[in-house]
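These are the structures, in structure tokens.
Two complexes come next, and they have one chain in common, chain A, joined by chain B in the first and chain C in the second.
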Partner chain A sequence: MNVIEDENYKVIYLPDEGRVVFSGTLRLGGMTEYAPIVECLQQIISEKSSLELNLKDLEFLNSSGIAMLSKFVISARNKEGFKLDITGSSETPWQGKSLNNLQRLMPSLTLVLE
Partner chain B sequence: MNEVFGNLEEIRPELGTEHMSLAFKPSSVPIKQRWRNNGLSADFLGDYLTTFFPKKNDDPASEKKQTIVRDAATYIANELLENAMKYSNEKGNVLNSINLTLMEDKLVFTEVNGITEKQETDFKEFITELENNDPDELFMKRLEESATTDSSSGLGYLTMLNDYQARLGWQFDEDNGERKVTTQVVISI
Partner chain C sequence: MLKKNTALVKNNRIVKQQIVLVISGFILTFFILGFAANKVLINQEENYKKLDYLVNQSNAKSNAMTKLSDSIRDRMLIIFDMLNTDDIFEIDDMNMQFSTKATDFLKAREELMSLDLTQSQVDELVDQRKILKLAQIALGKIVSNALNDTGVNGIELIKEAREINAGVLERLNKMRRVQTELSRKNLSSARASYDKTRSQMVTLGATGVIFSLLIVYFVIRQIRSQGGMLSKLMQQLEQANITLESKVEKRTKQLIHTREENMRMGAELDIGRKIQRVILPTNEEITRIDGLDISAFMEPADEIGGDYYEVLKHENGALLGIGDVTGHGLESGMMMLMTQSIIRAQSNLQSKNVVSMLKVANKTIHDNVTRMNCEKNLTLMLLDYQKLKTEGELSDNTPLAELTFSGQHESLIVVRNNGDMEEIDTDDLGFPVGLVYDADDFFHQKKIKLFRGDAVVLYTDGITEAANTSDKLYGIDNLRKIVCENHRKTSEAIKDLVIENVKKHIGSQKVYDDLTLIVMKQE
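Right, the complex of A and B next:
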């Protein structure tokens, strides 16, 4: 599936650009509700060798969502040679506070806050 | 029975201090249906605060301050409401409530919910783990664990501590014979 969304958020996979774009507010009720997004990301890791995660327009992410991103980053770390770029926004306070933790999980990750 | 953990500050707002409270009955509608109210309430609390941190045309820092305060308030309120909804005694009569008080130099969140004996034991176990470990190490450990477990419990408090420099406190007591817990989160502004 290339688009996962509800009234509050949208996750789009652009295979040709090697990019997944998140937007809106993501506060699903626990890890099980994040499963469709996790499955989509895990599949990309198994099939590709690089990915850009664009979070610039993701205004809000709850702690279950932070766990979901951590799960993904750890999977990317565990696949040898996988190149992961995360693009965020310096205008969105939560991204400045919380995205650095993902880089601590995977030091080779490229994190850019635009 | 009255047990206190963490840094529970005695908050005595001056008469006229801005504050807002919301209360919910945990058993009124199923959790799935009520979940969206967490986001609505948290957004409302965060947006409400922006009035007190106005953007000034000649001061770019004022806009940044407003965004930071709103972001922090919305995140913390949402996590507290999600926790209250997930871990409250749905069969009890204690209302889930959240109060946000705006003090001169800080925001104080006070969240109350009823809990079962089992929930109280589990919660105290988590608080003890929090008190006996470095919050940053525990946070990274929980993030690592997210790879192998579908539970993200405790991560909300750990982000408040690590990413928002919050001070946390809890009080366990009873209300008309029912167990309840009060969670207090304080951030400097």
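Right, the complex of A and C next:
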């Protein structure tokens, strides 16, 4: 189990369940600060064939974070046969439009808004 | 600083302790020496008294013993004289003297007995009494014979008495010797007592001196440790001064840096606001568009938000745009300026295809933000307003213009002349501009016809997400309601009413985001 966190957010990778769980408020400054999360996600793409991103409890994600997720989805799309599931919450304002945009980047992505 | 103060307080406390220690030490020494002197004086006085008593006793005993010896010797002489005379009167007189001497002897004996005698002396005197009684009997016989002038056996009796008396004298002498020996012993005891007193005095004096030395030792040790502490304190102070100096220097640098940073940020804000303002279309540009009544409002937030709107007149209408750059600050302002330039440049190339314009804008901005490493993107919607050619009689059902729009942004509010309202979602019409390079497939367009009196409202999320003091958002419903209620009014009136309503909602709350609103009315 890998955990990346500070006092505002937590990103937990559960390899056995093939799941990454995001929670809290992510307002990191630019791609350099998102690098540890990006590295973790890229490694999963190269090593695994599927992943579930659980964003239900991620209350806020800034534009750099959305850009980071978009680039990750593009990488996932570019790996043939990679299965990506994203679970979000329709009650969290940032997620509606942004998660739909992610699905548009990767039509095979399964998006569940709870 | 706190550490130094503690050390100073500790030092002061030690100084006070030392003063108390020295004073109490001297008081104690004074008491010890006083006690010693007092003790010596008392002992000496006792010794003197004892000695005086012993000397007096000894003298009295000697006197009494001398008297005893003398009386015995005198009586012996009287008897001897009595034997050598025949004169009866002389003998009688001598007998008187003999009796007197006997009285003297008894007095002397009495005197001796009253003195402080040892048990052996008392025993001796009791013992002597028996012998003396025998002598007395012998002497009495002699005297009686002498008086009766018998003279028989006088010589033998004298001999006998003399021997007895000689024995008594000898015993008295012995007693005197014993007394002398006793006196000597008493003297030696007095001397021993004196020696004891002297040694006591020396011991006590030495104790006092040792005690004083101990106090001096402790005070010196304290002073030394104090010296060490003071030197440590000085070092600390010195260190603190150095630290303080470096802190002051660091803080000064920080302050200068902060001031510079504030000035820089202030300048950034000024520049950003200026960029945003100067590049916006002028009122004159907006009002010149034939057939379209447009009013626009834009108010930047305290931090620059990067809202963008555009109205570019062309030969058959106008190209309109509205967008919102993510985040705040100078970079958002720069993004807005870039977007405006890209759109205007394409507009000048006579291209009116909003989809292709957005694709170009997306790629260009993506490349620029990658170069800038700023990770920003924007929602952007472009609308091409084209007047339609009309012939003959115009009715309310005659479309006067066509609006072609593309790009992902807030939904479009259209209120028809009859009050019907349409809300057109734009999510499927585009993609965040600049987010991914290859987004061509995501840009699509929609067209709507505009009739006389139709109102179209464009806005940024600064309007719908304007929060009040209870953090309640203004919301799309409020916006739709106020537009619906006032759609017959001029674009300016509608715009003013919406802004007034939004500001009323915000109240004293901080304005978090730029507020942008465009109201178009088909004339």
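Structure notes:
Keep in mind that, in the parts below, the second predicted complex is superposed on the first by the 113 of 114 C-alpha atoms of A that agree within 3 Å, B and C clash if a C-alpha of one lies under 4 Å from a C-alpha of the other, contacts with A are read in each partner's own complex, and residues count from 1 in each chain.
Here is the rule we go by: a contact is a pair of C-beta atoms (placed from the backbone, for glycine too) under 8 Å apart; a residue touches a chain by one contact, two chains touch by 3 or more.
Fair warning: this is a prediction, and the values are worked out from it, not measured in the lab.
Superposition of the two structures on chain A shows chain C clashing with chain B. In the superposition on chain A, contact is made by A:60 with chain B only, not with chain C.
Of the two partner chains placed by the overlay, chain B and chain C both lie in contact with A:104. Contacts of A:75 after superposition: chain B is touched, whereas chain C is not reached. In the overlay built on the shared chain, the residue A:2 is in contact with neither chain B nor chain C. Judged by the touch definition given at the top, the superposed model places A:91 against chain B, while chain C stays out of reach.
In the superposition on chain A, A:49 contacts neither chain B nor chain C. Contact with chain B, but none with chain C, is seen for A:27 once the two complexes are overlaid on the shared chain.
In the superposed model, more residues of chain A are touched by B than by the other of chain B and chain C. In this superposition on chain A, the options for chain C are 59-67, 239-247 or 509-517, and chain B clashes with just 509-517. Across the superposed pair, chain B and chain C both touch chain A at residues 30-31, 62-64, 66-67, 70-71, 74, 97, 101, 104-105.
Residues of chain B that touch chain A in their complex: 31-32, 35, 38-39, 67-68, 71-72, 74-75, 78-79, 82, 86, 139-140, 142-144, 146-147, 149-152, 155-156, 158-159, 162-164. Taken together, the chain A residues at the contact with chain C in this complex read 30-31, 62-64, 66-67, 70-71, 74, 97, 100-101, 104-105.
Interface of chain C with chain A (complex): residues 326-327, 373-377, 408, 427, 431-432, 435-436, 442. Against chain B, the residues of chain A that register as touching in their complex are 8, 25, 27, 29-32, 60, 62-64, 66-68, 70-71, 74-75, 91-94, 97-98, 101, 104-105.
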